[in-house]
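Chain naming follows the written order as A, B, C and D, and within any one chain the residues start at number 1.
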Amino acid sequence: MHKARFYTLVASCPDQVGIISRVTAFIAEHRGWLLESSFHADDIDQRYFMRIEVRADSLAFGVDEFRLHFASLATELKMHWRIADSAEKKRVVVMVSQQEHCLYDLLARWQSNELNSDIVAVISNHHNFQGVVEWHGIPFHHVPVMAADKQTAFDAIGKIVDAANADTIVLARYMQILPAEFCARYPGRVINIHHSFLPSFVGAKPYHQAYTRGVKLIGATCHYVTEALDEGPIIEQDVIRIDHSDAVEDIVRYGKDIEKTVLARGLRYHLEDRVLLHGNKTVVFR
Amino acid sequence: MHKARFYTLVASCPDQVGIISRVTAFIAEHRGWLLESSFHADDIDQRYFMRIEVRADSLAFGVDEFRLHFASLATELKMHWRIADSAEKKRVVVMVSQQEHCLYDLLARWQSNELNSDIVAVISNHHNFQGVVEWHGIPFHHVPVMAADKQTAFDAIGKIVDAANADTIVLARYMQILPAEFCARYPGRVINIHHSFLPSFVGAKPYHQAYTRGVKLIGATCHYVTEALDEGPIIEQDVIRIDHSDAVEDIVRYGKDIEKTVLARGLRYHLEDRVLLHGNKTVVFR
Amino acid sequence: MHKARFYTLVASCPDQVGIISRVTAFIAEHRGWLLESSFHADDIDQRYFMRIEVRADSLAFGVDEFRLHFASLATELKMHWRIADSAEKKRVVVMVSQQEHCLYDLLARWQSNELNSDIVAVISNHHNFQGVVEWHGIPFHHVPVMAADKQTAFDAIGKIVDAANADTIVLARYMQILPAEFCARYPGRVINIHHSFLPSFVGAKPYHQAYTRGVKLIGATCHYVTEALDEGPIIEQDVIRIDHSDAVEDIVRYGKDIEKTVLARGLRYHLEDRVLLHGNKTVVFR
Amino acid sequence: MHKARFYTLVASCPDQVGIISRVTAFIAEHRGWLLESSFHADDIDQRYFMRIEVRADSLAFGVDEFRLHFASLATELKMHWRIADSAEKKRVVVMVSQQEHCLYDLLARWQSNELNSDIVAVISNHHNFQGVVEWHGIPFHHVPVMAADKQTAFDAIGKIVDAANADTIVLARYMQILPAEFCARYPGRVINIHHSFLPSFVGAKPYHQAYTRGVKLIGATCHYVTEALDEGPIIEQDVIRIDHSDAVEDIVRYGKDIEKTVLARGLRYHLEDRVLLHGNKTVVFR
């Protein structure tokens, strides 16, 4: 995020002749200076995807007027679209249970402003990290989750998220399954890190499953949460090598390194508006 | 295989105090000079695995006498064991259908003697590669496989394998499922390359499955063939990155690069007696 | 290369407002259907790079007319540019010495038409691969290189290249240093695979250098050849893990696997017009 | 570190027949139960390396007596050796400047006891991380370094290290070059993370050097510090892919992810006594 202030136009629409031309003509007409420009044509679904960064100071108007002016072209092209402003930091809620690695990693990145976002709250079903979170000046909410009454907990969580005016919810090894209703309430806004190379080893204890199957690499998957457990659109994945000498405990330890890296990469793509949904898949303009 | 002639002792047995000590004492007593020595203790099953290379010229006797002398200790330690001689090249039968990449790769390695083995026959259900195989001086056998009568084909294949006195059968993208009976006949001797990162995408068209699921890495798996399709012990795996811009055809092309490399690595481990079976898993002393 | 026939426009020019707009407007005006579209703005040098694929059958005219029409806009934008036609296969000359791995790999890819190009000649200072090359129906030229008189050899090589009307020369582990004059004659057209992760281990015996330094990964680098040895623009690189147990011979063997993969990737990028030179660096639109 | 208490015997000696046999016979004689056992024979220098873990509760005596008993055999075999006790946590001093990523990463691992060690002090030439370090209950020492008088600073640092009775000093992106004298005082005990894939890009601003050269992967190197800058024995390395679209700032950000992972791996190998020096190289028994 070293760049001067810029606007990010993200859009998808049915493919046809002249899409780039019309969009970039609109921007050029207003003297917009392009930074990154990325396009993707999906041959099978005949759908077009784009992401364009425009320097804010090259345009005569601000982001609201940009949105206003662009709307009619977008409608004409039948676009799903949004325009983000790099000066408006995204607001992130982090949810965590008892493992520290993803949380510390996000705190370090937040502290150095790597993600151009604010962590506006941390929610946990445990007390372990209350101290370190609050030391960083971030509100910490302890919300216990009772198996018999998840509803109460997730009502409380929803209120915290909404009160914090959060854009994005990150499950940083949060070990509770989200109710379907909660998932549906924040579509494309809840990001999870699953500790396997999906679709292998869905569900509980994937590292134990990996150990039992005798795989030679383990992985982690950052994905959007949907009502279908571990089946949401994948944003990012990576793997790390193990071998026969690694016990489950070793696999867990190796896994932590890959989990936090994959989560951070996926989250960055999301926060920088690099991820476009396409059915149950993603277009990621890295 | 740059080393002077050596013997490779491979063994597994119930764990107890003193196993390495007794095995290496036996070798030292005969003035055996150790090259590589690898050991693994499985905590859970309390089973011990080892692989030891001894320079042939350091021992007063040859490989047969080595086997003879070692047998009583092996019996005492309740070992599964074998001793290989690097001067006896392993004999490999390659089976292939219509894709060239694994076959060419194996031919190149055979030609430069990288694998310290002989390709004693190539068997195919197609004629595509008869020319290049025979040009290399390797017998080529065309064995068509009829869906209605696989038995006849695999009887013929078994005869070719046995006549060639083959140690190992390599399925180098051979696109027929082997009958259970055939698998059972050559346990731990048939090596397959599956074009997915198992256990993801078992069965047919794994690259299409990967495309549909929207994964961000694809993989390949080299494994021993058992009666359960794609469920045999895994020897080696690797992955390669793809993204939204890759069509199925691109994924197939990327996949070929990883398939041939993974197959070659797994085959080398097998031929160099680096792989020990442990239930449905492998110990690989690289 | 699964796509229907298409034209690839590759261009770079000084950056300014409206470049994409004007280029894509030109294409849209002629009803051109875009497949891949890639752009890159270099902030520091204020230079703009692009690569656009247009379906051939979407345009009313052929490639010559496309070039003709585009020329005036290109001149106005001060572009370096070219338009390639996927129906015209690139013509490749492969040069090789005594190692087989890159050559076999290229033959396999050529055989399956993966690279959408013709290998129009193989040139070697040895006879090792004459048989297998000629078996594939490719002309083989033995050109010995005398240390005392390289000029004669490279005059002969130049004549073969020119007679074959070659676009690209691939040094597939060709172990002779090219004279500066020869390099200058084919700028941006000679591709080498160097067996180290440049800029580490320039020059002779890089694997021995790697062994001596005790690095934990070794690499390979595919680059354009320039007069400065091993200093040309890098197209592609990759690495593979080694450890203390690997002797130089093992490192060489591991290296071969990475060399052929990196060369094939770099060559594909080049042949598909995905590589644009930018000073001594490359823009690679993968 | 899931294992019950164990002793780790680490040794190297001139190679000869019978080394493993004699060492393991000694252990077996005392009923020692082996966990991991690793051996390496260096063919060129005819030197033998080993690392053996013995369960503490399998031996009739404690670690001091183990050392006492083993000493005579070690002397006879001309060994460099040591025996570590997993119950004695290693004592680590972390030195850091103004970048947070390696420090936070080490704090997270320390907090979850992943490294089986204590961080007994953090030393910095800046105040940035005083708060977070002290919040964790770890002593923080601010030692400014004046270009004109480094001696004073490093005298102070030496006193802190010695007072803390530290085994290991970790330079976690500490941006001061250590005086030769200081390096010589703690041989094999100072671990640095260099932000390049050594031996490429020695010295200052390696990411800028990488950007200028146009490499396609960047790396990080964890190594022992010696008097020769960036030339000490390499413990661990890894790389990450970049491309033409990455500015220096992006490369720096990618680099941070690989730096902290490589440092953590290298440090773990060191703290678990998995690293043996061999001239200017390392044997790492992972």
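Worth pointing out:
Operating definition for what follows: a contact is a pair of C-beta atoms (placed from the backbone, for glycine too) under 8 Å apart; a residue touches a chain by one contact, two chains touch by 3 or more.
These numbers were taken from a predicted model, which means no experiment stands behind them.
Set against the C-alpha centre of subunit D, every other chain centre is closer than that of C. Rounded to whole angstrom units, the spacing between the C-alpha centres of subunit A and subunit B is 41. Chain centres here are Cα averages; for subunit A and subunit C they lie 37 Å apart. Touching of two or more other chains is recorded for residues 36, 43, 245, 247 of subunit A.
Judged by the touch criterion defined above, the protein chains are all mutually in contact, each touching every other. The part of subunit D that touches subunit C in the complex is made up of residues 40, 43, 49, 197-201, 213-217, 219, 233-239, 243-245, 247, 278, 280-284, 286. Residues 2, 36, 99-101, 103-105, 107-109, 111-112, 114, 131-132, 135-136, 245, 247, 249-250, 253, 256-257, 261, 264 of subunit B are the ones that touch subunit C when the two sit in their complex. Within the complex, the subunit B residues that touch subunit D are 17-22, 24-25, 27-28, 31-39, 41, 43, 58, 241.
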